[in-house]
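In the two assemblies presented below, chain A is common to both, partnered first by chain B and then by chain C.
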Partner chain A sequence: MRLLNRSAGRLSRYRRGPIAGFVVLLLGLLLTGGLYAAFSPAHADSDSAAAKQAQIEKGRQLFLVSCAFCHGQNGQGVLTQGGSQLGPALTDVGAAAVDFQVGTGRMPMTMPGPQAKEKQPSFSDQEISDLAAYVASLGTGPGIPDKQLYSTQGMSQSQINALVQRGGQIFLANCTACHNFEGSGGAMPRGGFAPRIRGVSSKHIYEAMLTGPQSMDTFSDGNIPPQDKKAVIAYLNNLNNTPSYSGLTLGGLGPVSEGLIGWVVGLGFLVGFAVWIAAHTTRTTKKKDGASA
Partner chain B sequence: MTDNTHDSTGGELAELGPIPDPGIPEHTWRPTDVDPKAEKRAERQVSAMFGLSAVFTILFVVSYFTFHIGEHWTVWLGHGVSTIALGVTLGLALLLIGVGIIQWARKLMGDHEISELRHPARSDDESREGTLAALTQGLEESGIARRPLIRNSLLGAVGLLGVPAIVMLRDLGPLPGDSLYHTIWGMGTKKHPMRIVRDGIWSPILASDLEIGDLVNCQPDAYKNPQRYGIDPTLVEGTELQVQKAKASLILSRMDPGDIKPGPGRKNWTVDGIVAYSKICTHVGCPISLNERTTHHLLCPCHQSTFDLANSGKVVFGPAGRPLPQLPIAVDDEGYLVAQSDFTEPVGPSFWERNYVQR
Partner chain C sequence: MSSADVASTNGTKPATVSGGNKRVGTIANWADERLGLASLAKKNLRKVFPDHWSFMLGEIALWSFVVLLITGVFLTLWFDPSMSEVTYNGSYAPLRGVDVSSAYASTMNISFDVRGGLLLRQMHHWAATLFVASMMIHLMRVYLTGAFRKPREINWVIGCFLVLLGTIEGFTGYSLPDDLLSGTGVRAADGFIKATPIVGTYISFFLFGGEFPGSHIIPRLYSMHILLIPGLLLALIAAHMMLLVYHKHTQWPGPGRTEQNVVGFPMLPVYMAKAGGFFFIVFGTIALLGGLFSLNPVWKFGPYDPSKVTAGSQPDWYMGWPDGLLRIMPAWETHLWGHTVSWNIMVPILVCPPAMLTILILLPFFENWVSGDKREHHLLQRPRNAPTRTAILAALATFYALAWTAGGNDIIAIKFGLSINEITYFLRGAVFVGPVLAFIIARRWCISLQRHDQEKLLHGYESGVLVRSPAGGYAEKHLPLPLAKAYALTARETETYMTEEQMAESAANYKGRFPKLRARLQRAYFAHTVPNVTVEELHEAQHHAEHELHEMEAQIAAGPNRHGPTQGH
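Up next, the complex of A and B:
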């Protein structure tokens, strides 16, 4: 009976149940949430675009303070009065170049010189990504590579071995000329040098290939495809983990350091030994018993 | 008085004879000669060094068998242990024998001082005549003057011994003929011009693949696809392959077309700012690809010859005598980069018969 006449027993048939208010509130919230969900994509897009704009603006502020003196207020590059390049144009270098140059501490440079040297980065990761976003907004250029492009995570050992082998071939054909056969670096004209690339993070190596920092040639995806870039990085990482089987590497610079150590330390030791032997001619004033001098 | 002094000075000097032989200074003894304790100590030192040497020799043998090489190296602090252990133990074993002998000689062996008088180098007349007489007698007795048959046959046999030396020189040949003037780039056909492929990756290159600033180390497609060009596969195998690579290695560089100053007759040798040059230095033939993207200067690591890739490979620095040979390139029907023809001059270092071209 009660089921049919639900208001029986109430004080008034118009009086609401005690939870009715909550139910209405819940319904209202659900409706709002549902509507929000239905219309959110467009809304969220404009929101993240605004966030991106804010990031670019933040990057621009950093750029104006730390980079604009050499690269120009709009990244257009600056020529000195003598006509040489103070800082090159950054309009088409892309985010990858910023992430590499600022992330390895090469930029901002302490002073002008033949080559920007690696040092402790001057900016935080967040500031670097702001700067990269600003420079990327100036024009075209490669973006910061995804981790899956250079990481061998999730690959089987035999797959990695095959990758390392292929990477070695590509490294020997393309990189050893400047960076030495085991990545120890080498000299370049007019005070420049190809830096040592052992122990550099995979991301920075990928970005360096992609953007060609300073005088380095670029190895764009059309030049060395992404899969082969990964192979080169796998080879370098493998090199880092390879013990030096034949003893001390002496910097892995080939005949330069080996010759230096051989001549200076090796021969020096032998000459010193010869001098020591010849200097040990102790004589005594004593006479031999029963023998005349 | 003054006159007298003056005279006497000259007179006395003239009368002095040669300085008398002062003889050997008095011999001083080593501690080991006079002190039996020192002698014993030196003896112990020397024998200890020899003994230590023996220990290191045994350690060498032990290291040889203990430390692994090959698939599973014994590694300590990132170094292969075997190499270091073998080197150090054998080195010390040899060094200690040497040091022991020196110590022995200096401390314990005889310590006499000997003076040896110098004699004229020329023998006295009697010995010289005697020697000459003996020689003459020997010649007489051999009868070489009386038996020309023996003499002549001996001379002939010895003379002929020079022939093997000359014959073996033939192994330096055969003469290269015109092979130095040609590379495998010229073996492309009209239908299939020789494609340029990435070295180590072996894929052909679309002109649109490359961006300004790219440097590509390249080889001809013929190594991997000889049949496409109708080339005998044995020409790109083993030693032959090395010979081909030594001549045909190539570098491609894409630069701003406005940077290129084409040499006379080379206007159509490039594709959209992509230039191709031999990778072999014209000085002594090192492979070169140390390129500076910003200046287009290509540097040879061996002797610092520098070539300007934007200006027909002109030598801007260093000992190279000739510009880097440029390869005329084009694109084929599918858009891949190909060689228009062979190099128009011999690649690599100069050789005697080469016609020198204007620098």
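Up next, the complex of A and C:
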């Protein structure tokens, strides 16, 4: 007891110290947080199930307003009278597809067309996750990927270099055929297109590979394992972050824009100079009075 | 220019060397006694060339070729034309550890590890782009102005082969780095060769030393690219220039310019300075392009691998139009006794380009056959004064441009939000309809411009002076053209419109083949040409203009709101 008293006495010496208030506050917070963590799980489980149900319901309400016209009131898809698809069934697309399509502004579409274009998202992040939760509840399908699946955070530079190198090879083998050698995009039949993918967020690229939106193929985890998807994303981010060693990239479109520059800038410049040189002619003597030009 | 401006003597001093630099004279004399160049130099250093911007288009091609030689030699110092496999270990991190060909590795080495290598590589490529492009506009200039006429037909043919060789040279160079884009191009070329009936497969096997891609194609293309074709190009360029000197340069019509003389400035010092200066301008422009604009970024393409391809795989622009025809050609194939005849490849690649080259080579001979003109021509014609000729080029250029457009159909589709299918369907029709429309429009346009010239000659040019008549109406005064300008406009021949009888006569007089067809073509070729104004018409117009001028001066002298002595009019 004496021992205790002594140490309490020692402690009490600091009770008016400058950091005493903060320490007490910190301890208090730790205690309440710890107690909550210790006692709440059983309670929270039933709570989160209810919360999830509420979220799904919220998502359903949004879905009925903004998506059901084309995708059907239960996400079963709608056929036009002509028999073509107005909106596909969403019963097995999963949360990742919703997060990609709505998160990049592709859905809801402005108007029916060959392919939805990227635009400013119409919903807030919370609404997107509500919608995703609702669509995920309709069936199976991939969920929204965890950040660790596409982020290189915490990796050493040599690991990232190895990842970028591998990603480049996977990118050239699987992606460039449609998206072009530096992700500038390319044409697909009947007005479709592979969009420009430079500057797209890592999460959306991951989701695109996972779900195969619009004209794109699905690159399932069996096809390109998560580690390789991460590598492709690392390669694209590396392309974004490295300077163009060779000057203006002219849209990164290959020989068409190069030819255009050659003709318009290069040849235009030189023909302009030819005109200039020919216009500056020479005179052997000064013009005399009365001499006509 | 009055005669007082022209020197009547060589000046007061005799034209002998007075003192001067004795040492230079001694050296020159030593060299001349052994080489005999003085007489050659004396003649050619004072050779006269006429001045016009359009005469310098071919010079762009010449100087880009010089830049190509200089930068090309630099590149050969490091380039390794081998398809042996090595592991890339250079400075570009994303490709480190990847197995590539030596050709690709050395291209990467030039781009990232040789000082100034990327700049020189890009300059070489930009110079190639400009080389072929400037040859094309030079060719168009020569055709549109009638500079190909007798005695310059052979030089026209040489020029056509220069365009062909420049294109092949460009393609072989494009293929050397062995990157994904160029490998796709070589793959396509292999397909074209294999589409040749009967012998295609054999040619492909001989060229590639076995099945594509093999390990021989890059070294072989390299020999062609740095030895065979540059040698031919150099020889043909030399021949082209020697013929230019021999024929003397053509000139625009104007006072004092005839079919017998050349009016302009001497080679030394004027054209030496102009052409020499232009070389540095071309060099500088190419250096700027190489430094500012990315061209063929091989590190992004990666090494060639037959299993890979990239969107936007196009050849360089000069191969773009056959590629475009290939893209819009319907998938027609015939199967005969177990063999496939690929019309879809043969027509756009193996038939059309050689046919276009043949048409190009034959253009001067065709026109000559139609016109039956045996005279020499050293004075140029304005495009409007040869409406059918101009229209023929407009039609050919439209076909070329549409095929070219087809070559970029995917880029057009994504950049303009169009459907690639619809672009293709449109161009399938447009390559046939477009040239016809262009022909008609260009021809009528030329004829309208001729009428405009005639109007300017007879009624003067619009002076911008507005005159109010006594009745209150406003009219713009026309003033007579300056004499030199009027001379240049009237210095042309009128090919007359032939009647049926004249056609029959022309056919009867012609001893060669197809006299009737020729007579009809002759009529079609020169029909509707606006006749040149006659001397009488011009004099009358001048009198009229003088009268009007006096009248206007009188009106101005009378002051505002007062009518001058117009009663006599």
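We adopt the following convention: the second predicted complex is superposed on the first by the 229 of 293 C-alpha atoms of A that agree within 3 Å, B and C clash if a C-alpha of one lies under 4 Å from a C-alpha of the other, contacts with A are read in each partner's own complex, and residues count from 1 in each chain.
The definition used in the following text is that a residue touches a chain if its C-beta (ideal position, glycine included) is under 8 Å from a C-beta of that chain, and two chains touch if they have at least 3 such contacts.
None of these values were measured; they are calculated from a predicted model.
When both complexes are overlaid on chain A, the residue A:I170 reaches chain B alone and has no touch with chain C. In the superposed model, A:V271 makes contact with chain C only, not with chain B.
When the two complexes are overlaid on their common chain A, residue A:G247 makes contact with chain B and with chain C alike. Shared-chain residue A:S220: touches chain B; no touch with chain C.
Of the two partner chains, chain C is the only one that A:Y235 touches; chain B does not reach it. In the superposed pair of complexes, A:G212 makes contact with chain B only, with no contact to chain C. Judged by the touch definition given at the top, the superposed model places A:E127 against neither chain B nor chain C. More residues of chain A are in touch with C than with the other of chain B and chain C.
In the superposed model, A:W263 lies in contact with chain C only, and not with chain B. When the two complexes are laid over each other on chain A, chain A has residues 169, 172-173, 177-178, 186, 188-189, 194, 244-248, 273, 277, 281-282, 288 in contact with both chain B and chain C.
Within the complex formed with chain A, the chain C residues making contact are 1-2, 4-5, 51-57, 59-60, 93-98, 111-112, 118, 122, 126, 129-130, 133-134, 137, 180-181, 265, 270, 274, 277-278, 281-282, 285-286, 289-297, 299-302, 305, 307-317, 320, 407-411, 413-414, 417-422, 483-484.
The part of chain B that touches chain A in the complex is made up of residues 26-31, 33-35, 69, 73, 75, 78-80, 83-84, 87, 99, 102, 106, 198-201, 203, 205-206, 208-211, 213-217, 253, 287-295, 297, 299, 301, 304, 306, 317.
Residues 166, 169-170, 172-174, 177-178, 186, 188-189, 192, 194, 212, 214-220, 222-225, 228, 243-248, 273, 277, 280-289, 293 of chain A touch chain B in their complex. Those residues of chain A that touch chain C in the complex are listed here as 114, 161, 164-165, 168-169, 172-173, 176-182, 184-191, 193-194, 235, 238-239, 244-250, 252-259, 261-263, 265-267, 269-271, 273-275, 277-279, 281-282, 288, 290-292.
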